[in-house]
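The structure's right below; bear with me while I get my questions together.
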Amino acid sequence: MTSTHIESAALEGGPSGEAGYGRVSPKGLDTSHGAILYLEGITVSFDGFKALNDLTLDIGVGELRCIIGPNGAGKTTMMDVITGKTRPTAGTAFFGQSIDLTTLNEAQIAHAGIGRKFQRPTVFEQHTVFENLELAMKTDKRVRPTLFSRLTGEQADKIGETLDLIRLRSEVWRPAGLLSHGQKQWLEIGMLLMQEPQLLLLDEPVAGMTDAETERTGELLNELRGRHSLMVVEHDMDFVNQIAGDGKVTVLHEGSVLAEGPMSKVQADPRVIEVYLGR
Amino acid sequence: MKQTALTDLNLLARRPLFSGRVWTALAVAVALLALLPLLNLVFPPGHALHVSAYAVALLGKFMCYAMAALALDLVWGYAGILSLGHGLFFALGGYAHGMYLMRAIGRDGVYQSDLPDFMVFLDWKSYPWYWSFTEHFWYAMLLVVLVPGVLAFVFGYFAFRSRIKGVYFSIITQALTFAAMLLFFRNDTGFGGNNGFTDFKRILGFDITAPGTRAALYWITLAALAGALVLARLVTQSKLGRVLTAVRDAESRLRFIGYDPLGFKLFVWTLSAVLCGIAGALYVPQVGIINPSEMSTETSIEMVIWVATGGRGTLIGPIIGAGAVNGLKTWFTSVLPEYWLYALGLIFVLVTLFLPTGIVGLARRVAARFQENKA
Amino acid sequence: MKRRLALKQLTAVSLLAMTGWMPQVLAAEDTIKIGILHSLSGTMAISETSLKDVALMTIDEINANGGVMGKKLEAVVVDPASNWPLFAEKSRQLLSQDKVAVVFGCWTSVSRKSVLPVFKELNGLLFYPVQYEGEELEKNVFYTGAAPNQQAIPAVEYLMSEDGGGAKRFVLLGTDYVYPRTTNKILRAFLHSKGVKDSDIDEVYTPFGHSDYQTIVANIKKFATGGKTAVISTINGDSNVPFYKELGNAGLKATDVPVVAFSVGEEELRGVDTKPLVGHLAAWNYFQSVKNPVNEEFIKKWKAYAKAKNLPNSSTVVTNDPMEATYVGIHMWKQAVEQAKTTDVDKVIAAMGGQKFNAPDGYTIEMDKTNHHLHKPVYIGEIKADGQFNVVWKSKGPIRAQPWSPYIPGNESKQGL
Amino acid sequence: MHIAAIAHFLRRFLLAWLLAVPLLTAPAAAAGVDPALLAPLAGDDTDAKLQAIAALGQLPEPAAAAVLQALGNDQLYATADGRVLIGTGGARATDPVTGASVDLPAGSGTVTINNRLRRAIEAALAGSRLFSDKPDERLAAARRLQQTGDPARLPMLEKALTSEKNEAVRDALLIAQANLELKSTDPAKRRHAVELLGETRNAAFRPTLAALTQEQGGVYAEPDAGVREAAVNALKQIDRHLATIEWAGNLFYGISLGSVLLLAALGLAITFGLMGVINMAHGELLMIGAYVTYLVQTLFRAWLPGWLDWYVVAALPLAFAITALVGMALERTVIRWLYGRPLETLLATWGISLMLMQGVRTLFGAQNVEVGNPSWMSGGITVLGGLVLTYNRLVIIGFAFFVVFLVWVLLNHTRLGLFVRAITQNRRMADCVGVPTGRVDMLAFGLGSGIAGLAGVALSQLGNVGPDLGRGYIVDSFMVVVLGGVGQLAGTVIAAMGLGGVNKFLEPYAGAVMAKITILVLIVLFVQKRPQGLFAPRGRSVE
């Protein structure tokens, strides 16, 4: 089913540069080597301080990867690099085999199929839940089509499905600003899903959620597993345990990978214990 | 059941351009305004229903201001781009039209020359290249749209591309406008320096001071204003409108869901500049003068104040604001010439402090209160 | 739904605001309305405010003496706020709403130009009290200020004379707008006629409100090394202070490089520390220091009025040329009205020609029969330490204005006017 | 009541001082001057006056000099019966003929002079002053004589040279002599003179030298080829020097303009740069500072005329205090409600600026008010023999950097500064860690405003003091802050200096208007490249 996504992506991407400012249209994502994201030797330094230091990491298609690490380990910076917000000082970042992320801007990367959820839930507070999802929906996002776009039936259906998935149907006409913290988190996840990305980056998705909400979010992510590749940055160990299962966990420390492997193995790693769990 | 629910989702998502009530309100307002020149023409002075030519001229002027305010609201109210340079676009539109009007004077100038008087006293023998074709009305109209449009597009492209935001953007628009003002103040620039263009005689062969011509200009302005309002509403009601507000509220988020704000900002910015230019073009023949002071910092800031007073992001608000503020200004400068600046200044402060949503916002709150009381 | 209604109401209200509340100063039957159109705010307030006060004083004076044709004069003061379109709007208001018989106002050329179409359209009557560039002659306007030949040319002649220091080179320094441009154009032509070469004329313009004259003063100094130099300044009121301060501190004394200014009078000097300026010149048709009973009377009245109305700094008020021109203008209009036995514009215009008035400038000056300009005497004064002028040259009697300078090509035909 | 007592004392002090004046000046005119010489001064014939002045100049008596001085200062009175008296303040006068102190007769008026007479007087006085016992007076006289082309003065110069010991004065005299010897019949003398004048590299001699090289129809103004050649070289020397002067001049003008911009912008760098308030009333705060200076000057004139020279110094703290108070008042009443809504602050402060301007108009009138330079800020020093560095600008340059230093210390070495910087970086966090944001905001805004007040004092020494003083600076100030990078003190300094310099180096070529336009366009372009200004804080921005 991934492939169908890719087809549609190619179609809706449209010929590049038509609107005058080059937009890439992914010629299908080449994931022949089974990995969807390659980070190699990424280094980011702000005025000498190395936020990322020769970071190397790759994520497989359909994998759910948890990233843990103490504050300042470079988790958010890594996401900034992947989503094109920060340009690495050195190193390469590839999406699939062919798309070089370091050459694209945020919009192009998002369009290529990477969705990101922020640490603090950021939704369009003035817009209704519906509008938020509508804006995020995967479609031609250049100026003219946007100006003349009318909502089709199936698009409405898609929004409806997502609404049910994130359990916000009852709130559909409320301005997003009025939602509870947890609801915002879900809405943002919902917006990611509307983008139909192949890779989701989730930055602390359960921060500030009640246990019930956390529970529910865990289920949600598990539903997504396989359909999308996910990268989850999280502090909450229990939650990581809940979603990681026997999947790989990566520990970042001072901008580079400290340890990698199943949760059980990682938790046993003395260095990890020292820098992180040891506290 | 789910299915039905979804389709009505879709239906609910489609909103009308205006609610029926607003349509009627607008229609009434337009009709009223359109009536005034007739009252002026038909009824003799002194008649109970006579409306003075002065009032008509004044309203004509205000409507031009209103249109500029509307244009500004598009960028500021919706895309959150505060321009302190709309006076520039306004003036450019005015100058473009003014060039035609100057050519239309023909040999009726002081020196009976084909050239405008200011060129004569600069000893110029022929029109500089950028005046060519301006004797054709259609070409002047083309300039009215193109000059502000192109300038806005180029300036906007670079500014937005390098992601200049908020205050920075406001201040460089101010710098640009200030530079333009100095440039136009120079007599050698070829736009009449400080005196600018004035003493127009005719437009398309009609005597520009004739009551009929005045009325016509007035109606054209009214039509343009109404048209601009509908157009602006169309844009802001479209999905693009929602993208714009998203730009205003969380631009970076918008990037991460795959929109490139550059194009959207550029679109609305250029559109706004063009509308503003048209307003300026309508302004000049009615006021009878265009000079660089229209590009002064003050003018542009006043425009912002009209929008703020009326209520930004409401389209109708800026129109009301422009009318109200200028109405007050006209009134104050006559009844308390010595102290009107206190009054005006105070109003600006109070509006920003207590009416962050402007007159319209206030009206809505009041209306809401009514409903509560009823319920 | 209520909200929509409220919206509609608002629209209606704002409509009212625009049409309904137009100032309707109800005209009592026994008064004649006079419009006063001077900026009381904005950049020009500096110069124009005092003209408003002089006009009011003159009107009080006339009313005290029984008004005009037994009717009292009623001043309608508006503030065009140094904003040219507002000038046009206000003049329209004065003429069509307030129905004033005459308007006294404007200072800058652009303000005059902006109101002209209105006065022509509504056939109003404007008295313009400031020296200006000429090149204009409107039926609806009377010019009580100087035309170039009543100010600029005599001044330059004086500078070239032995008493004036026999200047050989000239710096024409001005703010970049029409008055300096035209004046300098005329002066250049005049200097040519006196055999001065272009290489000995330096024409410099500064933007409005220019406040940094270091470079320009340095250039004047450099230019002056080429021979006996004089500066002819048409700098607009506000920039004069920084210019003179720079000049004084840079050690350019009037004895080395005299500066003659056409826009600097007693009023402007109030804002300057005059010590370094002693000896620099100004050319006007009136100085407060002109000695004659009419002038003493005028000054006395003005000081008294300032005190009575306690205007700001009423203790130090001074009179100057445009104030005198306003005063003269109002009185001449009164005479014309009484002669025409009506305030009808056309009749008054007809009656204005040839009006005589015993003016503070020490002469019984006459309004020209044809060209709407006053015959004025020319005085050249040197600035004294007390901010007054010491008259060092005066014309033999009043000079007829040449609104169309013979030094501007194309005006030959108009010399008859 | 203290004040009253002081005032009373001062008035008496002032009175005594005035009474003393005549006594001081009376002895100036001791022995008599020939009335025949004085008579023409009372007349109207300018030429006669000129002769009389010249003649008086030759006289050794101090009385003659006294007459000339009086004439120069409008202190010479002509009585109805044609006598001439030296006014000595009040209704008293001294009769130069008898040296007696007499009452001014009714109907006597001052003898008016014009520039021509002024020149003659200076020259004449120079003659007598050549023999004064004060070297600086002699030097001034010699310098003055360098400008006369009147050969009749040669003998006097030679006489002076024989007796003159002081080196500086001697050189000056030699130059004056050389200037006159250009007209000598002896080519050698002329040549030597030309070379000497060339050495001075003083542009004042350019015309005379240039005249020598003039040639009409094969006939040279200067017959001797050698002298001509020397003249050409001399001219070269002078011109080369002029070029240097021009360059140095532009540099100085640039720096001084820069320092003005800096002063104007510094306050804004705090209120806008650090606090994010688009303070459109900033210009009006400058204006208030200037008006405070005016008030202080008025007070000094009334009560402390003896100390008038120091009114500026006294104005500084006052201007700071008052504008700071105004600023704090604004902050408490209006601005504090608008934090985080910078664009709204723009509107509100605009309204405020309108009110402040009109307020000043109502209080002080729409006209400019007069603020004089104290004597120690008037005039300037001549360097490189031609470039005048005016004192007021020198002082202001120094002052600007002093203020910068002050701000730097306040921001980086005080608790307030610490708090301000904390709030700039993260208001909410600062609030949490117990920074009294409210008070700090008020103080910081007060500081910014106060600095604007200081700037106002400086500006009052350069230009207009009028209601719209501020409007002239508001745009420039914002340009400086934005260009420098918000919240970057160093950036502001460099931006100001850069703008000033570029402007002044452009002006000679482009002219004042185009120079300014170019600057603005450059700024717009620059901001494209560095949206955050010169010194942008980098790092993981909080989005």
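Going by the order they are written in, the chains are A, B, C and D; count residues from 1 in each one.
Here is the rule we use: contacts are C-beta pairs under 8 Å (C-beta built on N, C-alpha and C of every residue); 3 or more make two chains touch, one makes a residue touch a chain.
This one's a predicted model, so the numbers in the text were calculated from it and none came from an experiment.
**Student:** Could you tell me which chain lies farthest from chain A when each chain's centre is the average position of its Cα atoms?
**Tutor:** For chain A, the chain whose C-alpha mean is farthest off is C.
**Student:** Tally the contacting C-beta pairs at the B-C interface and at the B-D interface, and name the larger one.
**Tutor:** Top pair by contacting C-beta pairs is B-C.
**Student:** How many angstrom lie between the CA centroids of chain B and chain C, rounded to a whole number?
**Tutor:** Computed from C-alpha means, the inter-chain centre distance equals 35 Å.
**Student:** Report the inter-centroid distance (CA atoms only) between chain A and chain B in whole Å.
**Tutor:** 43
**Student:** Centroid from C-alpha atoms only, then distance chain A to chain C, rounded to Å. What do you get?
**Tutor:** So the centre of chain A lies 72 Å away from the centre of chain C.
**Student:** Which chain B residues sit where two or more other chains touch them?
**Tutor:** 182, 185-186, 252, 338, 341
**Student:** Going through chain D residue by residue, note those that touch at least 2 other chains and give them in order.
**Tutor:** Where chain D meets two or more other chains at a single residue, that happens at 357-358, 362, 513, 516, 543.
**Student:** Please set out, as single numbers or ranges, the residues of chain C touching at least two other chains.
**Tutor:** 40-41, 176, 205, 207
**Student:** Using the touch definition up top, name the residues of chain B that touch chain A in the complex.
**Tutor:** Residues 2, 5-7, 9-10, 12-14, 235, 238-240, 242-243, 245-246, 248-250, 252-264, 267.
**Student:** Report the residues of chain D in contact with chain C in the complex, numbered from low to high.
**Tutor:** Interface residues on the chain D side: 46, 74, 112, 114-116, 118-119, 122, 203-204, 206-207, 242, 246, 249-250, 252-253, 256-257, 260, 357-358, 361-373, 378-380, 382, 388, 390-393, 462-468, 471-472, 504, 507-508, 511-513, 516.
**Student:** Using the touch definition up top, name the residues of chain A that touch chain B in the complex.
**Tutor:** 19-21, 23, 83, 85, 105-108, 110-111, 115-116, 118, 122-127, 130-131, 134-136, 138, 141-143, 146-151, 153, 155-157, 159-160, 172-173, 191, 195
**Student:** Using the touch rule from the top, collect the residues of chain B that touch chain C in their complex.
**Tutor:** Going by the criterion above, the answer is residues 19, 21-22, 24-25, 28-29, 32-33, 36, 51-55, 57-59, 61-62, 110-111, 113, 117-118, 120-123, 182, 185-187, 193-196, 198-200, 209, 287-289, 291, 293-294, 316, 320, 323-324, 326-328, 330-331, 333-335, 337-338, 340-341, 359-360, 363-364, 366-368, 370-371.
**Student:** Taking the complex as given, what residues does chain C use to touch chain D?
**Tutor:** 40-43, 45-46, 48-50, 162-165, 176, 204-207, 209-212, 214-216, 218-219, 222, 225-227, 238, 241-242, 245-246, 248-251, 254-255, 258, 267-268, 270-273, 275-276, 279, 311-313, 382, 384-385, 390, 392
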